[in-house]
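Two complexes are shown next, each including chain A; its partner changes from chain B in the first to chain C in the second.
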Partner chain A sequence: MMPEKPQEFVVDIRGQICPSTLLTALKEINDHRDDIRSGEVKIIVLTTNRNATSTIPNAAENMGYKVNVERENSHYRIEIGAE
Partner chain B sequence: MDFTLKTFLVMLAIGSLAGWVMHRSDFCLTGMVRDVFLTRSFLLLRALLLSVVISTLTFEILRRFGVSIQVFGSPSAAHLLGGIGFGVGMTLAGSCVVGSVYRFGGGEVTGAATILGLIFGSLIFFELAIPISGFFKRISLFEAATIPELLGADPLYVVLPSALAGSLFIISWARGGKLTLKSFIPTYLQPWKAAVAISFLGALSIFFFGTPISISTLYAKVATTIEAAIFPGHIARASYFSKSVAIPLEFQGGSITINNGPVTDTLFIAQGALFIGIFFGALFSAKMAGDYEVNFRIPPRQYLSAFAGGVIMAISARIAEGCNVWHLLGGLPYLSISSLLFLAGLFPGSYLGGLILKNRIIMTHGVEELRGK
Partner chain C sequence: MNDDMIKVGERDKAVEAAGAKPVYEYLRKSINSLLEVMGTLPLSPEEIDDEDLIELDPLGIISGSFGQVLDHLNDTNQRLNDAHEELRVFFDSAGVAILVLDPSMNIIAKNSTAARILKTQDCKHCYEGICGEEAPPEGCTLINILETKKPLSSKEIGFGGNIYEVTGIPVFDEDQNIDHVVMTYADVTARDNALKAMEKSEKKYRDLFENANDLIAAFSSDGAFLYVNSKWKNALEWRPEDLDEAKIADTVAPEYKREFFQSMEMLRRGGGNVSMETSFISRSGKKLILDGNVTVSSEAGEKPFFRGIFRDITLQKKLEEESNKAQRLESVGFLAGGIAHDFNNLLTGILGNISLARLYKEEGIDIEPKLADAEKAILRAQNLTAQLLTFAKGGAPVKKLIRLEELISDSANFATSNTNVTYKLDIEKGLWPVEADPGQIDQVFQNLFNNSIHAMPDGGEITISGRNLPVDEAAELHLPIAAAPLICLTISDEGVGIDYDDLDKIFDPYFSTREMGMGLGLATVYSVVRNHGGYIAVESTPGDGTSFTIHLPAKAGSESGDSAESGAATESNDVNGLKKRLLVMDDDKMVVELVSELLVYLGYDVSKAMNGEDAIALYSQALHDGKPFDAVILDLTIAGGMGGKETVKELRKLDPSLKALASSGYSNDPVMSKPKEYGFNAVVAKPFRAATLSASLKKLFL
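Right after this comes the complex of A and B.
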């Protein structure tokens, strides 16, 4: 049974060199994959890299996760969780 | 209007538009080669081919109308070696000579670290790498600078089949949806649209100034000027800094002047204007999109990687007689053999740079294999 409110695991990679953003996000998704799939954890990626707002969500969707992207102040918040 | 002033204003306008487009799309010339190895993504490489196909046709049209274009030199081992080095440098830096400017304009401070590295690398080239560069330049394959020259054919007979073959690939990718990436923010510009825009801006650069878009010589000029201020006697004695050339531009009504010394020439004016334009174009784009943000809290090894990448790129660009923008967006459409050698070198260089990046800088080795699983 999926928990009501998943724990948020924040990956703050604002300002980092490209492609650290995508590779770091993929590593965190992999490290927490069981918890994400069970709905216990959501990965929150904070990034300033515009390219990452497409590459990370596309990669995560290909892996079968649900993704939401929104601008938060002057950076982007990418939320990756269970479908 | 005076040719120098006209050059400055036109290049400023071209740079501003290029900066805006590059920022909106994150049109990364580094990623075009690097992502093939690091993330198995070919999207940006396809956008590069689109840009080359358009530019191949527009450059030939301009040439047919008598527009003066700066010619590329004969190929040598230096172009291949420079390509390998440049591939390592741009992958470590995460951006190239132009990418670092639009990223810095968009608020990324690692772009500034790369720009400092590019200036410092130019100084190292002057003092240490000129003899090495000369040695490899002497390992020449043949005199012919372009494929049409090598074949002894009218460029049109090479340009048209090349453009047609490239177009067939592009049509196939467009039909298969392989030119676009699903976008999650409204202000994202698809790379293929940026490729089209950058191609036409490159053609404008040739129309008004006779050279494709490039800014790597600017870093060398800044480095020379700094060195001349600190060690004026050294610069005055070294023969390298007294060399100068003037390339007449009959159509444009002026000339490209290039002087290795700390003096102003028209190439410096053109590239300086491009630099300023790209920086402020990207800054304006970021402010309009609402995503201008400066972050200094970055792992120190990433600052070091960005700086070191800049140093390696500057040395490699001097060895290869041009940077990636010059060779990929200017030389390839011109069917320059030296640019093809540079491109051939970029692939192993980017692969090597990617290994260093994953294993020593961002410690995420192996994760790219997870994509799609």
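Right after this comes the complex of A and C.
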């Protein structure tokens, strides 16, 4: 059973550029893998790096997560959660 | 994290100094190639120095990520395998046969249903397995799909005659060429056969409906037609639009509407069916007579509607009418023939005797016997007309209380004289008297006795029995007459009897089994008995005789009652006219002359009138002249003029002390039974003898 509202882990890496953006995001995903899969946790990545909006979702989807990318003012919000 | 990296960098500056450069290069190279796989840029030394690189541990991060990707892949693979297995089960368990075929029509895969229907399990092509052919047959669905590159459905007949509903869906490769085609084969043989049978059955009923010789229609309770058959349209001359426009109320003939719609209302309330004779009007106004049956359909949730089947019996009705008319004419002819025959015989007797009397008179021979014979023949003619009139409509009996013993024995005596038939009376002592017309009752006995005599050409005995039936005994017989004390008379003979088939017809007028019979005798008997409130029944055994039983209402316990009238008044040559003045009115010149002559002979002073108008004028003139008539004799029926009934009223106005005698040959005229109610003093029935007329006049002047 998925909790009604997962806890959000915000990773604010605005200003970072590739590839450290990706590595930082991946590290967070790796650290919370079980909680994300169970639906308890969502990783929210805030980035200004446009390239990251394809590399992070690609990697996360290959791992079997559901990814949602939105543009918020001057940055991107990448939401990674259970499928 | 950025701060952490910088700190790590400051702490481990010694490592770089130690000259570990080739290791870092190797690490960076490996990390970068992994980052490239992940679709991102390589790490530049400017972005992160060697110390921070170790601290950051990109390899650890990436391998952790790859571990997750691998887990996900394994998971996906498992799910794919599961789905594949599920699909395989679906594929095999499908009720329809599924073949997967390549563009060369080779079977790539088949499900278990397909395996069952294929001609052989090792066949390579669908046309071998399904159609049982060496090559694709004409109209092959798969070939059409391969040509059109579009999904298709059609019907195919398999090698065993099975009918398949075939659907094929092409699956394309990347170049949009057909890679394979998934074909499904649903066996619809049973369904198709059932459908065909249903169509056949429906056609059969449709044929029956359309070709029926009866008019068939269904109409709703608001009168709109739902359907009608061809016969209906033809018979009522309907145009195609009439089905929508016509209403049943416009179709039923006005004089039948009330009955028709009452029946529909009855059906609507109570269901079932109603048989009726009705009439419809065609477009051109032709009236059809129909014999029909209407049922109501009241399925739950549906508005009730009526279904009617009507047979056109217009022609049949016309033929029946014609036949009845012809029958009536035939009957009248038969009756007329009989009367003519009987009358001619009687007239021969009258004429012959008068002629003889004339001859004898010249010779000086006594003519009295001849005149007596002529008179007898005339009386027989009177009987015949009396019989005809009794039988005629309205032959109301002139009833009085009579005892029947004497009448029966006189009648039997008379009928059997000069025959070889005898009779035996077995009548209960003190048989109750009856209210009856003696003349008519006498006719009943005469006719029954005559029939018995005819039935016994070689002689025999008639048994006449009579007994009283008190009201309770009478009730037990359940006769179709009013409850009353009855007398029961039985007249039995030992004659030839009546055929079983004829028994129910013997009381019909004009029915006779005798060659010279008029068929009036038993009809008269029946009519008289019914007019007396009685009932007559017959039993007969061919060869053993016939027995008629008459039940008549009786006056139980009544001791009085006249005996039957003896008939003729005694002959008298008493000339007693005393020069009384009489006015005789009759439209028959012969009658008026004869009556006048007779009256003059009897000593009266006679004036003659041919109609009421003349009679009134003469009577009025006589009054005026101070020489009034002492009596008038008026005929009741004057052809084309004022008859006796009206005349007597006018005369009585002129002279309230008028003495009027009604005279008529219509003995059933009400005036004859109740003269006083019509303004007459008395009656004299035609034909009459001089003595009868004289006696009637004498009574008038008493």
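One rule holds for everything that comes next: the second predicted complex is superposed on the first by the 82 of 83 C-alpha atoms of A that agree within 3 Å, B and C clash if a C-alpha of one lies under 4 Å from a C-alpha of the other, contacts with A are read in each partner's own complex, and residues count from 1 in each chain.
FYI, contacts are C-beta pairs under 8 Å (C-beta built on N, C-alpha and C of every residue); 3 or more make two chains touch, one makes a residue touch a chain.
In this text, all values refer to a predicted model and were calculated from it rather than measured experimentally.
With both structures placed on the common chain, the touch criterion links A:59 to chain B and to chain C.
When both complexes are overlaid on chain A, the residue A:30 reaches chain B and chain C alike. Number of chain A residues touched is higher for B, counting chain B against chain C.
In the superposed model, A:67 makes contact with chain B only, not with chain C. By the touch criterion stated above, A:51 is placed in contact with chain B and with chain C alike.
Applying the stated contact rule after C-alpha superposition, one finds that A:9 touches neither chain B nor chain C. Judged by the touch definition given at the top, the superposed model places A:75 against chain B, while chain C stays out of reach.
Chain A residues in contact with chain B (one complex) as well as with chain C (other complex) are 16-20, 22-24, 26-27, 29-30, 51, 54-55, 58-59, 62-63. Residue ranges of chain C in contact with chain A, taken from their complex: 1-2, 35, 38-43, 47-48, 56, 58, 61-62, 64-65, 68-69, 71-72, 75-76. Looking at the complex, you find that chain A touches chain B at residues 14-20, 22-24, 26-27, 29-30, 48-51, 53-55, 57-59, 61-63, 67, 69, 71, 73-76, 78.
Here chain A touches chain C in the complex through residues 16-20, 22-24, 26-27, 29-30, 33, 51-52, 54-55, 58-59, 62-64, going by the rule given at the top.
Put simply, chain B touches chain A in their complex at residues 23-26, 28, 30-31, 34-35, 38-39, 41, 93-95, 106-110, 181-185, 188, 290-299, 302, 305-306, 358, 361-362, 364, 367-368, 370-373.
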